[in-house]
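Heads up, there are several structures right after this.
After this come two complexes, each holding subunit A, first together with subunit B and then together with subunit C.
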Partner chain A sequence: MWGETFDDFENDEGEMAMAKQNLIAEPARADFTFAKLPLGIQPVDFMKTHFAETAGKSMQFRKGTTTLAFVYEPATPADKGGIIVAVDSRASSGEYISSKSVMKILDIGDRMVATMAGGAADCQFWTRIVAKYCTLYELREKTSITVSAASKYFANTLYGYRGQGLSVGSMVAGYDKKGPQIFKVDSEGDRCQLKVCSVGSGSLNAYGILDNHYKPKMTDDEARKLGLRAIMHATYRDSGSGGVCNLCHITPTEKIRLPPMDVSKLWYEFADELGRDITYNPVE
Partner chain B sequence: MTSFTGITAVANATNEMAMFKQAMKEVAAHPEWMSSRQIERQRWNPYSMEGGSTCAISGENFAIVASDTRMTQNDINILTRDAEKIQILNDNIILTTSGFYGDVLQLKKVLQSRLHKYRFDYRSDMSVDLCAELLSRNLYYRRFFPYYTGAILAGIDEHGKGAVFSYDPIGCIERLGYSASGAAEPMIIPFLDCQIGHVTLSEGYERPELTLDRAISLMKDSFRGAAEREISTGDKIHLVIAEAGKPVVVKFLPLRED
Partner chain C sequence: MSIMSYTGGTVVAMAGDECVCIASDLRIGEQMTTIATDQKKVHKVTDKVYVGLAGFQSDARTVLEKIMFRKNLYELRENRNIKPQVLSEMISNLAYQHRFGSYFTEPLVAGLDDTNKPYICCMDTIGCVSAPRDFVAVGTGQEYLLGVCENFWRENMKPDELFEATAQSILSCLERDAASGWGAVVYTITKDKVNVSTIKARMD
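For the complex of A and B:
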């Protein structure tokens, strides 16, 4: 079927219809499988032996993260509202920081993003697969895909590889005909819709800030600051997170990516705002 | 009192479930019918680590790649002093890999054949951006039986700018200004962070421009520094220089041989 064009079927109408049908159908690569280990060897055990803490530093997979996303409504008519997605940028292999500038907000479409937590390669690869599915869906159905459908495809795909050692904790966030939506998807096949959501090793710290300061109605400035603040505090207390804070604001009309902010500088900014010294000084 | 027994019952049930799950896991990993020989095979090790380090730096209109040429066994026994870990795939793509030499060679072969096919299909050389994605996917296709390699792809992109792509063993890709992989990565990267990234310099200080000459001398320094303190790095630096619009230059420079 590959390499077939309409030119190959000039006159025969029946054949032409068949060809159209073939070309319209999504080219499913059912024959594709990942290279497998020899029979009788457990992939999870094999990975543990050769690519976990016991392996050399350079052979460990990159991981470690704080990511968060929340939906909010505009407080004043001047604001846009929508979704704020904020992430840190550290990738660590064991104790070694193998990158401090990873982009953990990956595009799925014009109006949708996925965040990256867990195994970096797993997230990058499978997000690409989902993005491909969404593009093909859009071409085939002539309407853009909903966040719900995209995240369900993502969750189903991951469920197919359950127990084989994939490690993905992703939030699919975006705007569709139903409004702003966030779905948390993970490699166990779990998928749930949330308004305020955080994933990764620093998620507990981020939740602390989010739960404390989140309001359903906020101004754009407030919302962006909340995202930055939660990431900053998470990176401050979680050694697995750090680097810069990347922030993406999905409004009803557009997707705005803000320039990366160094978290160590943010710390000083927020300390100024609180009007106190950055270090704890016991009163003498 | 009833509520207490209720809680105990629930706790017991949860405990039992956890124990059952554990037992299931153990049985799945080592079934009763498996002979000791088969269980032994579970610890099957197809990999070996041949050590060495590699590094790449990109600039405005150049990319330089270097690696040492030592190949060791168990980090101690030196197998050869001139193993080449850098592959020049075409005029503007250079692949450099550290790790298991068998996988290094296999990866080279896979990429070379894909590049050859691309040349046949499209009648032009592949650009480094495309090759970077290709490599990432090929690494991921072996997700459950990975290549035991730390790869770096460098070259000149379509706009004539230097490019460096860094990978983990299963294809997490990132475009960077400079990157290193292998045994001496934790030594080389902090040095380059200081000299090229200027992360230790506070604002308002003059930052020297990264010229080709400066990049080459930094590369030499980082390998000489690594060879002083890292046992599996040494013998020779295999240096490859790609400059936009010029042919690729290959050089060998001496390093410590002890």
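For the complex of A and C:
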């Protein structure tokens, strides 16, 4: 079966029709069967009992995040414009920092990414499913999927599990035939298109910087610096966020992943820039 | 989230050869939000005795006032400086008086007695004293600290070694505890002087 092409059925029209049906069928909607709890036990109650804050650290899921993305147009012909996606890298369970180097920008295709906020496992698993769907779509339709379609598939999938305790807050961002686009998708089933967007425990802090300094037209350098700065300030105020800032720039032609930047280092540079004296002098 | 980790914060103390070190972080928060980064949790009681108060900082302030009040009365009555052993007993009594509605703070005492012997102790919210000879820690980073201190502590450390061990221990703790951090302050208490140093830490 594997490795067969249409050439193998060329001679017989009946076989050809059959082969087409078998090989170009639309993939079924991902309907997973997850292990079920015994009858009478509600999944949400079960999770609360065994995985909430009252449980040990190792039983809690990884959470706490700042992620942001925005669309901008090039200010000069020398700039590329597109989308900036910036995220922190901390995973925490309560006040315990379980990882300092999580990659929260997940690839969906060559031109699309999804960000990760909320339950880390939920995000990783479901974006993998979306990525699979997008790849199959591209093979079948011989054209890349739009951000709109991918995010809608994502949102519909999450909606199917609504009320069962999934925790996902993701931004699907990318470039397609319609241009640069960002869709915010969450586990409540919500999906909305935005130009400027931030998700996670530090999102309000990030919005503070973003709303203040965002312009629809920026140079590439300006835009990248804005993303970095918003993440840096969010990690400073929000104890759920920290580590390094991972940044992805999606231009009309390519997807550029920038090297991770230590947010603490960025903060000290920022304080230097201001000339603010940050040395603490205790007084008796 | 528990009230004990509402404001966050960590205090650690280590004993050396005729010297003690006591250190705290500088963060004060409201759950996940950092409010200020210049709040030390270590307070001077006498020249050679310091107290650290971790936990809910509103209660910690109140308790500190009560400690100072009792200590001042003691010194007036006895006309001599209070010893760390006596102070810890006093704080323990104070804490146990609130057995059925305790302050949400864990006190820690570090200092040198009149023979310059180091004394360190910590207690729970209702005054159960434990005074080991090596190191003590209280606050949201207690578990991380006890682990690293076990590795850094050596018998009879001199003041500079002791400072290094304490500073490295608290910095390691701040790497993993989200509720503490944003800088630290270390007090090295020796028989003739107290050395205060602020340490830069990660600001996230």
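The rule is short, and it goes like this: the second predicted complex is superposed on the first by the 255 of 284 C-alpha atoms of A that agree within 3 Å, B and C clash if a C-alpha of one lies under 4 Å from a C-alpha of the other, contacts with A are read in each partner's own complex, and residues count from 1 in each chain.
In this section, a contact is a pair of C-beta atoms (placed from the backbone, for glycine too) under 8 Å apart; a residue touches a chain by one contact, two chains touch by 3 or more.
Bear in mind that the values here come from a model prediction, so they are computed numbers and not experimental data.
Participant: Clash or fit: subunit B against subunit C, after overlaying the two structures on subunit A?
Facilitator: Superposition check on subunit A shows subunit B and subunit C fit without a clash.
Participant: Please name the chain, subunit B or subunit C, that touches the greater number of residues in subunit A.
Facilitator: B
Participant: With the two structures laid over each other on chain A, which partner does A:S264 touch: subunit B (first), subunit C (second), both, or neither?
Facilitator: Second partner only.
Participant: Looking at A:Y96 after the superposition, I want to know if it touches subunit B, subunit C, both of them or none. Which is it: first, second, both, neither?
Facilitator: A:Y96 contacts both subunit B and subunit C.
Participant: Taking the superposition on A as described, I'd like to know which of subunit B and subunit C A:A78 touches: first, second, both or neither.
Facilitator: Neither: A:A78 stays clear of subunit B and subunit C.
Participant: Quick one: classify A:S201 as touching subunit B (first), subunit C (second), both or neither.
Facilitator: Second partner only, subunit C.
Participant: Could you tell me if A:G243 is touching subunit B, subunit C, both of them or neither one (first, second, both, neither)?
Facilitator: Second partner only, subunit C.
Participant: Which partner does A:F51 contact after superposing on A: first (subunit B), second (subunit C), both, neither?
Facilitator: Touch partner of A:F51: subunit B, not subunit C.
Participant: Put simply, what angle do subunit B and subunit C open at subunit A, by C-alpha centres, to the nearest 10°?
Facilitator: Apex at subunit A; the opening toward subunit B and subunit C is 50 degrees.
Participant: Once the shared chain is lined up, is A:Q164 touching subunit B (first), subunit C (second), both, or neither of them?
Facilitator: Touch status of A:Q164: first partner only.
Participant: Which holds for A:L274: it touches subunit B only (first), subunit C only (second), both, or neither?
Facilitator: A:L274 contacts neither subunit B nor subunit C.
Participant: Using only C-alpha atoms, work out how near subunit B sits to subunit C after the chain A superposition, in angstrom.
Facilitator: 5
Participant: So subunit A touches subunit B in one structure and subunit C in the other; where do those two contact lists coincide?
Facilitator: 96
Participant: Which residues of subunit C touch subunit A in the complex?
Facilitator: Listed in rising order, the residues are 1, 5, 8, 26-27, 29, 32-34, 37-38, 40, 44, 140, 175-179, 181, 183, 185, 196, 198, 200, 202-204.
Participant: Show which residues of subunit B lie in contact with subunit A when the two form their complex.
Facilitator: Touching subunit A: residues 28-29, 38, 41-45, 47, 49, 98-99, 136-137, 139-146, 148, 150, 166, 168-174, 176, 181-183, 185-186 of subunit B.
Participant: What does subunit A use to touch subunit B in their complex?
Facilitator: My answer: residues 34-38, 40-43, 45-47, 49-51, 56-62, 91, 93, 96, 98-99, 101-103, 119-122, 124-125, 164-166.
Participant: Which residues, counting only subunit A, touch subunit C once they are in their complex?
Facilitator: Where subunit A meets subunit C, its residues are 53, 64, 88, 90, 92, 94-97, 100, 201, 235-243, 263-264, 267-268, 279-282, 284.
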